[in-house]
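What follows are several structures.
Both complexes below contain chain A, partnered by chain B and then by chain C.
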Partner chain A sequence: MSGGTLVDVAFWAFAVAAVVAAWLVFRVDSMVRAAYWLFASFVAVGFIMVLLGARFLGLVLVLMMAGEMTIMAVFMVMFMMNPAGLNPMTMVHQHRTAIIAGVVAFAGLAGVGLVADFPDRPVAASSEPTAELGRELLGDSMLVFETAGVTLLATMIASIALAAKRGRFGDAAAGSVAPELDPEPPPPDPEEQAGHDHHHDAAGGKEAGP
Partner chain B sequence: MSLPALLVVSAALFGVGVYGALSQQTFVMIMMGLELMLSGAMLAAVALWAGATGGNPKGQLLTVVAMTVMAVEAAMGFALVINIYRIRRAEMTEKIKRLRG
Partner chain C sequence: MSWASPLPAVALVGAVLTAGATAVTVLDHLAGARTAGRPVRLLPAVGRPAARSALLLLTRRSATPRTDAAAGALAPALLVGMAAAAVAAVPWGRGVAVADVDDGIVLVGAAFAVVMVGVYLHGWSANSPLPLHGGYRFVALALSYEMPLALVLIAAALPAESLSIGAIVESQAGMWNVVRQPLGLPLYLVAGAGLAFWGPLDVADASDLAGGTAAEVSGPARLAWAAAQGAVLTAVAVVGAGVFLGGWHGPVLPGPAWTALKALALLAVLAGAKHRLARVRLERFVVVAWAALIPLALVDVFVSGALAL
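Let's turn to the complex of A and B:
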């Protein structure tokens, strides 16, 4: 993997960009901006893949995420109460546990990456990764490829079935009682109040914390 | 661009994803955390493919499978968000504490 200092500089730039953008996803107030920071993180990861030689995979990742993040941004505008981040807020729960879990996951995986002894067999410079991937997908591993395709078809059917307003047996929401647009919080349980009083404080001011 | 450096970067992406998926209250933000975790996993797979397998195409195939997982997760997640918003007007985890209905 020796490709000169230029490749190294590009790698570190993309690596820092990927991690910082990923961090900003959960730090910005605007959820639409969060979606595009996530896209920026994916673009950086895709370019690192291109630097590693997996050109096809890197560019497919970028293209796929461009579409998905646009959908995500539209979703934010459709559903969220504060998509533009006009007033600052944090919407988090179990914050300390989450931070500890994230740090532990990072430390464990990074430790494996640093300590484990992986074989040193880099890709030959003369190889054609995209052509090899194509032959693999339509050769030995066609079953895997086709299974992925059928899985995606099943996903399409399932998501249409879930998202369609009118199902085969009537309205999708039939039998369920739709609450008010802005439901009042239920009267606090005495026992719940004793145990979980820190869960309510970050709900964007909608739920009155005890 | 050594293999340990790449694995540390992918571990960092995964760690940020774990934090996001556990801490966020909005469904779509939780999905973003899951996608960051998958992105870290894909980066690690490509790094190992490029550095430790001598360019075995099955390493790239693993990444294609991970991308399929990502697409499935996104599609099902969006469908479930639409469904639960239609029925319960909920866009946050705290609004579906009671499972009835």
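Let's turn to the complex of A and C:
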């Protein structure tokens, strides 16, 4: 097999892997698995970038996403009432909005893919994509990237502030109540509250029933 | 940029990782004996890797209910794969390399970053509280050492004016980076110990969690995990030897021998640190990492950059 064929085979393998992994993000039942399937999808895209000669960008994508997907999983577990992310939960919700957004996004991207006139010029072996990227980042595109960077930094600080245990207004857990260990607690009954023992008997009887 | 053909490349990287993991077990045993005041005898230490492997292979597998078997199998494979990628990017002698890619230091950074995914998934897969706790500990640890690690690697690339590890080794012909950038190697070793969940930073697999992410695995799976840790340590040592200790530069001996000796020396330092230093509490390490190690690593980058200009 020649080098060109090998690259083609690798491209299609990574392309299929990227799509299948992205689909699995919505099929699994836990936030951690969803986050890491998304990571797998990003890794496949990163390898496609490496195949395209953008080695630096592809590797940096893998580097960043390894941390970011883990952070995403941890933040999702922190913000949702799902102890340690261990409880199974569906990854699909708001079906109507999701379907409309998905169809519109797919149509838009497919339209670009069909209509756009992609350049077809092999990269010269002497080109230095990493150095060119550096000049671009600190040259003409500096304002764009700095704006995006500062926006992301503000988002990170805000999310850390939201997740922090202590904030300027005191303890984040102030006034919160520990969740009921019984998944279906009996409805509160003012009359039953006085007779505490009786209350427990009633709950026990309910659990034992079919 | 030089590339080896696939079969010798896989054989070489596999041999390096196997030798490295074996050396880790031997050095760990020797350092443990020395620290405890027991007689330091080479022969039992050399037999230790085989004995431990045989014992683990014969031990029964333990199982927890509703295990994530795929994640459990992926975790050690991911660690070994990432260690192999990092080792492959380091040249052993001038022009003697498996894949001295021109973005080698970025490849190493990416491979080391993915280790976090492997260790977290290992803790996650057992569906048990202590391993999961270990996994979350490792995430906190990794997010703290990741920045100093990336920064000291970037600083090492500055004098070479290249991201290729071959060029970084070449740039140390006159003076090794360990002298030129005194902050680099210490910070790298702290991050490396964390990366390999080793020694004072073994918070993920700590004994106070009954083994942490490895608390629920036994038998061959445990052997795979131990081998994966040995492979990551080997990658840390080989990359450190190339990036900070001048790689193949040295008198008399051929280049690859120097690289191997320097990697072994780093493994010995890490093995000694495991037995000499007390385990660091995670909360304290996170504060130290963000408040001291990252600023120190930034100083390393700025000074190295100013000197390289």
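In this text, the second predicted complex is superposed on the first by the 107 of 210 C-alpha atoms of A that agree within 3 Å, B and C clash if a C-alpha of one lies under 4 Å from a C-alpha of the other, contacts with A are read in each partner's own complex, and residues count from 1 in each chain.
Everything below uses one rule, namely that contacts are C-beta pairs under 8 Å (C-beta built on N, C-alpha and C of every residue); 3 or more make two chains touch, one makes a residue touch a chain.
Predicted, not measured: the structure shown is a model, and the values here were computed from it.
Participant: Who does A:V60 touch here: chain B (first), chain C (second), both, or neither?
Facilitator: Both partners.
Participant: For the overlaid complexes, name the partner, chain B or chain C, with more touching residues on chain A.
Facilitator: Of the two chains, more chain A residues are contacted by B.
Participant: One more residue to check, A:I71. First (chain B), second (chain C), both or neither?
Facilitator: both
Participant: With both complexes superposed on chain A, which partner does A:Y36 reach: first (chain B), second (chain C), both or neither?
Facilitator: After superposition on chain A, A:Y36 lies in contact with chain C alone.
Participant: Can A:A15 be said to touch chain B (first), chain C (second), both, or neither?
Facilitator: first
Participant: Need the overlap of the two footprints on chain A, from chain B and from chain C, as residue ranges.
Facilitator: In chain A, positions 56, 60, 64, 71 sit in both the chain B and chain C interfaces.
Participant: Which of the residues in chain C end up touching chain A in this complex?
Facilitator: Listed in rising order, the residues of chain C that touch chain A are 68, 71, 101-103, 106-107, 109-110, 113-114, 116-117, 120-121, 124, 127, 129, 132, 136, 139, 142-143, 146, 163.
Participant: Touching residues of chain A toward chain B in the complex: what are they?
Facilitator: 1, 3, 7-8, 11, 15, 18-19, 22-23, 25-26, 31, 34-35, 38, 41-42, 45, 48-49, 51-54, 56-58, 60-61, 64, 68, 71-72, 75-76, 79-81, 91-95, 97-99, 101-103, 105-110, 112-114, 118-124, 127, 129, 132-133, 135-137, 141, 144-145, 148, 151-152, 155-156, 158-160, 162-163, 165, 172-173, 176-183, 186, 199-200, 202-203, 207
Participant: Which of the residues in chain A end up touching chain C in this complex?
Facilitator: Touch residues, chain A against chain C: 32-33, 36, 39, 55-56, 59-60, 62-64, 66-67, 69-71, 74, 84, 86, 130.
Participant: Enumerate the contact residues on chain B facing chain A in the complex.
Facilitator: My answer: residues 1-20, 22-26, 28-29, 31-33, 35-36, 39-40, 42-44, 46-55, 57-58, 60-61, 63-65, 67-68, 70-72, 74-76, 78-83, 85-89, 91-95, 98, 101.
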